[in-house]
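Structures are listed in the sections that come next.
Common to both upcoming complexes is chain A, partnered first by chain B, then by chain C.
Entry: the complex of A and B
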């Protein structure tokens, strides 16, 4: 993305961290204020807008009926797509998805898929012939760092919000929603830590992302198991640091999960 | 003096007026083209926008970041749609690019305080450092605000700025492009950042200078 950052800004961020503070006066383990709103898109089966500080992400879930993959005839299909809207940042351009877009979509997808939060087998309608296909679309509306956590939170909130449309004679009537919901088994969340110098901080803002050496995203299930990981940036983490990030992230994941509007049935 | 908040497309007046920023005429009716505060003075109408990007103006001092270097000029990011050019002949002293490597003087990511010298009809912006006050910024902190709020941060005849400077004893340079440079102790810098955030948030309200002053005094007493 955008790699030009004023030298004095870089110095300022590093010096502030050395003094044990962050540029926006947060703690090292503190998220920015988080807000989740569901049911924002009328035409989607499920939708959510997630705001973490100034980062804003909209997630939508669309459902379609289609054929399953031949090797998994009794399982529904899940696809995730992300789009970095040019209105979100001067550095986002329209056109075919770039490296960052694809990474974002895949990391969110991995968190959802590997936690098995959707019971895909229950999305099978006729084995080998007809299954539900779940499309998760992520739109970045405002970019101020930490898209991974915001997108994962948005995706899972939209999935929780999803209501299946009515089906008549194999045709979907999108205008009529039933009260049936997706079979949600788990609520995965992702936490992202950035390594800047010798300090590791959670939920980096854009300025911090521009000066960070490396970042590590870890996805957790409700039980606290790790279901996905992604490391980015040119820097490195030591083994000790990775274990530390995992422990700190686990605590944060419990906090994030409270924002998902999920009611136990 | 209370000003009305208008939204784009709103009918603001009818009749013979002189139009300035943010309004357009259709037949005899005058509409707003931006969201902002309506300001009618005599027969002139303008709208003070609430938000917006910086549009360069000749004579403005701006804080820019070197974003590209060519043989005889630097490209400078000035937080605007138009990136600015600093020719080697516009540096403090005249540099001969055949003799000197420009990146040794100003390298990528360096911050400068310079003046807009010329804007061509095709919106190419030239800035210059051969001006009193122009300088290279080596330390401190740069914060960004909405450029439309900059006049409020300076205040009428610089009243707000001189008040903040007097109360906190900190170096401040305000770029018209919405970048503000602060240099002082970390505590004072935080305090001024807070004051500027307050001005940005409450820019459209009256009696702001006094409230900012009270805020700074009460914050200092807390410590």
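Entry: the complex of A and C
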């Protein structure tokens, strides 16, 4: 289901950008206020609520013990899932996940996986037989644009917050959490820019997303390397614009990373 | 280390299949290969075998999806169960749903959808044999199928990937390189204007490596574009 956009709204957003401003008075490279709270779900091994402006996402990490993939016998397993719940927007529908949901989950997954932020080999319990399986679930609670960045921030914050449960005779006792944390090696963040007409702005609100031509999400490691990218939308970027977005995003990624509640050990 | 990982992916400045870093695998495209489809194309790209078909503009079902001011473009990317070593369970999985979406977004920009309001243009991509780079193969073949169907378009859309393998930036990864390489960057462009319509990436690039790989991928797209045009010329003549 798509929202019909009034032409007047589209014109207003584009004209405002042409004048060098945004409809909510932010700068082109300015994020909305960001808040991250962890430990918000007791039954989850790790959890976080992330707010970027009015967009709100809850992330939960659950752990299980299972078999590794045959081609990676000494490696833990990571899965990421997103739920665009109908409570978060009149355009989200119940039922099986649509392509937007799947794309979101897969792009967040790529940022987490490709940055190798979890040392999956340390999650091996018995080689070829028993490993930790890490489930990251992202619940969208309120949708005002830029789910990619909010979900990536939620996912990594919940992972950082995760404490392993006690295990006895191969059985997990979920009620008893240990002090052991996940082996976190990196802190990836994603930054998303929207191209609207000839202008490119960070952290689009819903109104901007609805009129944008295309968006570009880039995931960065702590070192500043690029570990995942995804262009979306029917519009296009030029070569120059893509390189520009990467450089602008790198600066923003440093800001975003400060919101991850991670203490160096 | 993954099971079956080769010790080195680059030996004496060459790739395991003997290619230079900026060398494409052999590509063969034939336009108009299916009787029933309005347009079609068959593509072989290294070990990939891909069939693409285009139907439309035609009536939209279900009807509520129709747009009053333009055609809708729908793309379905599907892998045959026997296209990969471990049988793929038939039907859409999360990966194919995502690839279908980015394929549509890669192609839609060039299609003059506003000429056919209230209709659907359907593109079907079947991967019959897979050997890394299937999404680029699919987009490349689908673009030829759209042209073969006579759909008005601003340009063809060629696609090609570059990546990092054994520390080197290389063009058009094969399956070993894709499985054990460090990064993969599929790109699609509109050659006339040089706009990027598909861009995905996973792995690890420094900023410099990315720029090098990105430019290499665009070069690859331009080579693929030539082969697309040849396929259409072969069927329809002209220069």
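The definition used in the following text is that the second predicted complex is superposed on the first by the 263 of 265 C-alpha atoms of A that agree within 3 Å, B and C clash if a C-alpha of one lies under 4 Å from a C-alpha of the other, contacts with A are read in each partner's own complex, and residues count from 1 in each chain.
Following the convention adopted for this analysis, a residue touches a chain if its C-beta (ideal position, glycine included) is under 8 Å from a C-beta of that chain, and two chains touch if they have at least 3 such contacts.
Because the structure is a prediction, the values reported are computed rather than measured.
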item: Clash or fit, chain B versus chain C on superposed chain A; value: fit
item: Which superposed partner A:14 touches (first chain B, second chain C, both, neither); value: neither
item: First, second, both or neither for A:172, with chain B first and chain C second; value: neither
item: Chain A residues touched by each partner, larger count belonging to chain B or chain C; value: C
item: Contacts of A:164 with chain B and chain C, given as first, second, both or neither; value: neither
item: Partner chain in contact with A:110 - chain B first, chain C second, else both or neither; value: second
item: Contacts of A:234 with chain B and chain C, given as first, second, both or neither; value: second
item: Which superposed partner A:71 touches (first chain B, second chain C, both, neither); value: second
item: Which of chain B and chain C A:221 touches, first, second, both or neither; value: second
item: Nearest-approach distance, in Å, of chain C Cα atoms to those of chain B in the combined model; value: 8
item: Residues of chain C defined as touching chain A within the complex; value: 2-4, 94-95, 97-98, 100-102, 105, 108-109, 185, 190, 194-207, 210-211, 214-215, 218
item: Contact set on chain B toward chain A in their complex; value: 65, 67, 77, 108-111, 137-142, 186, 190
item: Residues of chain A defined as touching chain C within the complex; value: 70-73, 99-100, 102-103, 105-106, 110, 113-115, 216, 221, 224-239, 242-243, 246-247, 250
item: Chain A residues within the chain B interface of the complex; value: 4-12, 16, 19, 25
